[in-house]
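There are two complexes below, and they share chain A, which is joined by chain B in the first and by chain C in the second.
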Partner chain A sequence: MRNRPLLRTSYNQELALLDTTSKKVAVGILLAVGVALPWLVEDQLLQLIGLACVTAIGAIGLNIVTGYAGQVSLGHAFFLAIGAYTAAAIAGDPDARTIGFGVREILIWLPAAGVVAALAGVLVAPLATRLRGLYLAIVTLGLVFIGGHVINEWSSLTGGPGIGRQPPAPTLLGYDLNTGDAFLTRDQKLYLLMLVLLVIAALAARNLARSRVGRAFTAIRDRDIAAGVMGVNLARYKTIAFGVSSFYAGCAGALLYVGIGYFDPTTFNLLLSVQYIAMILIGGAGTVSGAVLGAFLITLLPRLIREVPSFLPFISNSPAESPNAYQLETVLYGVLIIVFLIFEPRGLFGIWIRLRNYWKAWPFSY
Partner chain B sequence: MLRFEDVRLSFAGVKAIDGVSFTVAKDELFAVIGPNGAGKTSIFNVISGVYRPQHGRVTLDGTDLTGLRPDKVAKLGVARTFQNVELFQHLTVLENLMLGRHHHIRYGTLAAIAWLGRARREEIANRAVVEDIVDFLELAQWRRLPVGLLPYGVQKRVELGRALAMEPKLLLLDEPVAGMNLEETEDMARFILDVREELGIPMILVEHDMGLVMDLADRVMVVDFGVPVATGTPAEVQHNPDVLRAYLGEVEAA
Partner chain C sequence: MKDFVESVLRGIGTGSVYALLGLGFVIIYKATRVISFAQPAFMLAGAVLVTYLVGPLGFFLGLAAAAVLTGGLALGVERLAVRPMIGRPVFTVAIITLGIDIAVRVVVNAAIGLDVRQVGDPWGLKVWKLPGGVQVEQRHVAMVLTTAVLIALLFVFFRYTRTGLAMRAASYDQEAALAQGVSVGAVFALSWALAGALAAVAGTFAAVGGSVSESLWLIALTALPVIILGGLDSLPGAVIGGLAVGTVQELTATYQGSLPWLGGNISVVTPYVVMFLVLLVRPYGLFGTREVERV
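Presenting the complex of A and B:
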């Protein structure tokens, strides 16, 4: 069998996530680069890539409910906020102005943030069993506004708009991750933490997607009536989709601002939800790697655009002049969504598939 | 086996089913025919729980199905195919068939996320069952293709396979050969006979292809405007004057 690498002799081989040698090599290289990155790039950029990892966890979460299960949710910012404030409250300084219980252990506050958000997701899920499509999108939109109002007013928890509060400062089994030491700087530690969490989150999502639960999600997305007749309990699986998705959002929310060290309740607005929708549309709805690609692109886009003025001198880096890089960013952001929707609805993941198929057949066209 | 007793279903004044009763015996192939809009598909929707009738009862082996949710009815052993193919377009043939196994595969969300032991074992065991169905329906060459890309005749066959994967006690076939050419129709007829002979599953067949119905069915029920016109063997029904009237219109008295 040595000369036929694609020949499968057991179902176990076929169920493997990395079922070809090239996938194994590619993932191995990616992981190696990911782990080596703290010693390759400066800390400022590292912090941004760490943020991209956390954003990717959130995007994977939205992709579970919207990409796989087909329930369009504009309420992702709401669940991110729940996670962020749960974690901040549990890990916060008890003597500070805002609520805090001083439990800085990440193994406690991170799952707690996920679970509280997941409970909120399960409470919202009955809406999804009653409504579909645009109606559900509008109702979840309402969540963002209700949540936004609550966190803006609840200043003993959130610090209030314009003031904000500190995110959790993580320690792992007593090891302080929030300050630098002789071996690693603060940003290096946080980046590695977020990379590991992203790998775990992505693996869990892939496992879920290939299981009976993931199949039930896609069945509901493609034909909900047929799914019911096949024995899929629609209400149950929509609830699971919202629960798992919100768990991811809660964990992502808890970690999002750890790097920056400050966050403000006005962040959790509709724009944040829309950004997450954009990530999964641009990355590729219904794929884990697509969500990760989309999250990295959207998070790193502003940083990439800062480099544009050095190539195109007529674009300024100063917000006072026009045209400037900030305007370009806004325009590009919209253009990307439109271009992807029209030319490649499968997103970056779809482009990857096309490239792969092209090189598989090269030099023939098919 | 299945008892369908005096069921009435109406949509805001339109009587879709108006007092239909029949029974299906073990190993029987029971056909329901009638002109368009006669209420044939509505009968299926009542059995599989998509519609809830205002009156009447449906029982399977003595268990009351009336008003149960579709997924509950499916778990009790009723599988069906649809008139317009209702497959999961973006999933492969294998995944569609695995969805038919949904309630035979037993593990929860957390086991799925961990993908250790139980989830993997269950997937592999059920995959083996699905491969048997792939063989049975000669779908091997399309197994890995997304269903949306397949020719219509094959999609219909995949739908039959998905229903068989449920290991049903009763199979409902809603126009299995609609829109097919002669060759595809003959293939499908052969598969329906195979299901009867090898698996012994009782079936209810709704179909407009009279040749197929008369050849395959043990008993035929004719409905028109939601009202049962006649029930009997194919030969009896073919010569029933009420049936001729329903299909061809009133015969002028000579």
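Presenting the complex of A and C:
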């Protein structure tokens, strides 16, 4: 038995999340490294990795609606913004220039941000159930522009463009996560919080995907008419997809700027939506681990590119000269999207699958 | 009343730029069933090329040369990045064009640099005075005339030439067209080239009276609500949608002062608001064909 990893003798084995020993070991090691990371790397990098964890939550959300349910959404930035401002308003300082209610408990403002964003998603869903394909993509793009206008103008909530406001300062059951203490620094606390949230979000998404709802999503993605004929209620499941996806986006938006400590309404533009699309396409659409991989790659990309000028001296690190590292970064977004879609449509996840299958059969190629 | 007439005239002027952009989108959509998000980049590329060519060639020749060059660029992009994707889901191709847009736009922005680049047009901000004290800017008249000429040329091309017929056939049914000896690949290439050239002209006219800057691509995005409004596969729809959106936008810009709670730049987002309203009533736009699904 032990030497036949694909032999299943019960339904429980068939349905298990981690169905092989190697998966269990790999996930265990990953988690152990993740938990140990605060003591292994410096705080600045840790903050970036924490940001990548939050971004991954948002990418998992977009993956639910676009990767699993096949409804193309360019409006993710809009839902991120709703989450970010809901959380900032609930947790904000009541005496500050911008709206704030002073409830700093993360167990309150994080779900609230998710729920408000999910409500917005459910409100948008009727449009989505009427439209298909590229019409839907452009309508969701319209959401980003209209939402962007609203948050730019509503300066009592958002601080206004160029000024911005503070993100929520998290407190967990009275324990302040936003300042360092004798045991952990601020960045270490925030990183651990975000890691835990990412694990919860990923598990929830994975379980959703293999439930009745998830199978309905996949059916709609693959052929919506066939799904409808089989008895999948299209309107209902598209609404659920938008709602859940926006919930994830709202939670991610609420946490996205906690590490940096400041955010500006102009951040929530089309480019942000495109970045999230890039994450799930580069990582691998329709897989949770792909979304996480893509989010980490895209978030860490600027940091990696800042190292490029030391290897290629003709690329400058100053934004006034051309070609510079910022231009290279933006070009790479575009080129990565194109290259992955043409050569490896299943993304990083697909590369991993191919590698795995190669070594599984090694030294035989078939 | 004077304000009203002037803003309608301005709206028709800017609307004709939207119409040109929209036509590019619709031509590509009809040929390949894909919305090309690369159009903003081509528009910017065209306008920047004109700023470089206007010195040696003069405005009109420079514009023509830039249109041809941008068409060539679009042709190359189609061959490199879009042709390998035939048979893949349209969404995938649309996202590829988004990637192209990002990459091309960075290169073009680097070509703009930090200087103020102007297209060197003969109109600037000069105006003609009409009876009743109404002023109409010469550049808007030029935009409308250019658009009208281009639309007429496109009409003749699609209606009376063999190539135009081939393009119409390919957009109607690719396999049947192939069976009749139409090279569908050539149709794809030609539609991208045409759209690129139209975008270059539109970009140049959008920059007339101002300067070429990175933010010009936002104008091209306004063409998206335009084509959704008119219907993705309708050429007349793109023209009518463009004029309608341009007019609504200019009217809002004129009268937004009376609704201050909407915020200062509401006219920038009015195209999207109009699009939402129309789509709630007609999911396939005003003139788009309703999709019939066969199982």
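Heads up, the rule we're going with is that the second predicted complex is superposed on the first by the 361 of 366 C-alpha atoms of A that agree within 3 Å, B and C clash if a C-alpha of one lies under 4 Å from a C-alpha of the other, contacts with A are read in each partner's own complex, and residues count from 1 in each chain.
Keep in mind that, in the parts below, contacts are C-beta pairs under 8 Å (C-beta built on N, C-alpha and C of every residue); 3 or more make two chains touch, one makes a residue touch a chain.
Remember, it's a predicted structure, so these values are computed and weren't measured experimentally.
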_Quick check on the superposition: with chain A as the shared anchor, is it clash or fit for chain B versus chain C?_
fit
*Using the superposed model, measure off the angle between the directions from the CA centre of chain A to chain B and to chain C, in steps of 10°.*
80
_Quick one: is A:V229 in contact with chain B, with chain C, with both, or with neither? Answer first, second, both or neither._
both
_For A:G214 in the superposed arrangement: first (chain B), second (chain C), both or neither?_
first
*Thinking of the overlay built on chain A, is A:R356 touched by chain B (first), by chain C (second), by both, or by neither?*
neither
*Would you sort A:L15 into first (chain B), second (chain C), both or neither based on which partner it touches?*
first
*asked:* Quick check for you: in the superposed arrangement, does A:R97 touch first (chain B), second (chain C), both or neither?
replied: neither
*May I ask you to name which of chain B and chain C touches more residues of chain A?*
C
*With the two structures placed on a shared chain A, what shortest C-alpha distance in Å links chain B and chain C?*
7
_Doubly contacted chain A residues - partners chain C and chain B_ = 225-226, 229
*asked:* So in the complex, the part of chain C that touches chain A is made up of which residues?
replied: 34-35, 81, 84-85, 88, 90-92, 94-96, 98-104, 106-107, 109-110, 113-114, 221, 224-225, 228, 232, 262-266, 268-269, 272-273, 275-276, 279-280, 283-284, 291, 293, 295
*Touching chain A in the complex: which residues of chain B?*
48-50, 69-71, 73-75, 80, 82, 86-91, 95, 98-103, 105, 107, 109, 112-115, 119-120, 122-124, 127-128, 162, 166
*Which residues of chain A touch chain B in their complex?*
11-12, 15, 204, 207-208, 210-216, 218-219, 221-223, 225-234, 240, 244, 286
_Residue ranges of chain A in contact with chain C within the complex_ = 72, 127, 130-135, 137-139, 141-142, 145-146, 148-150, 152-153, 225-226, 229, 270, 274, 277-278, 281, 320, 322-323, 327, 330-331, 333-338, 341-342, 345
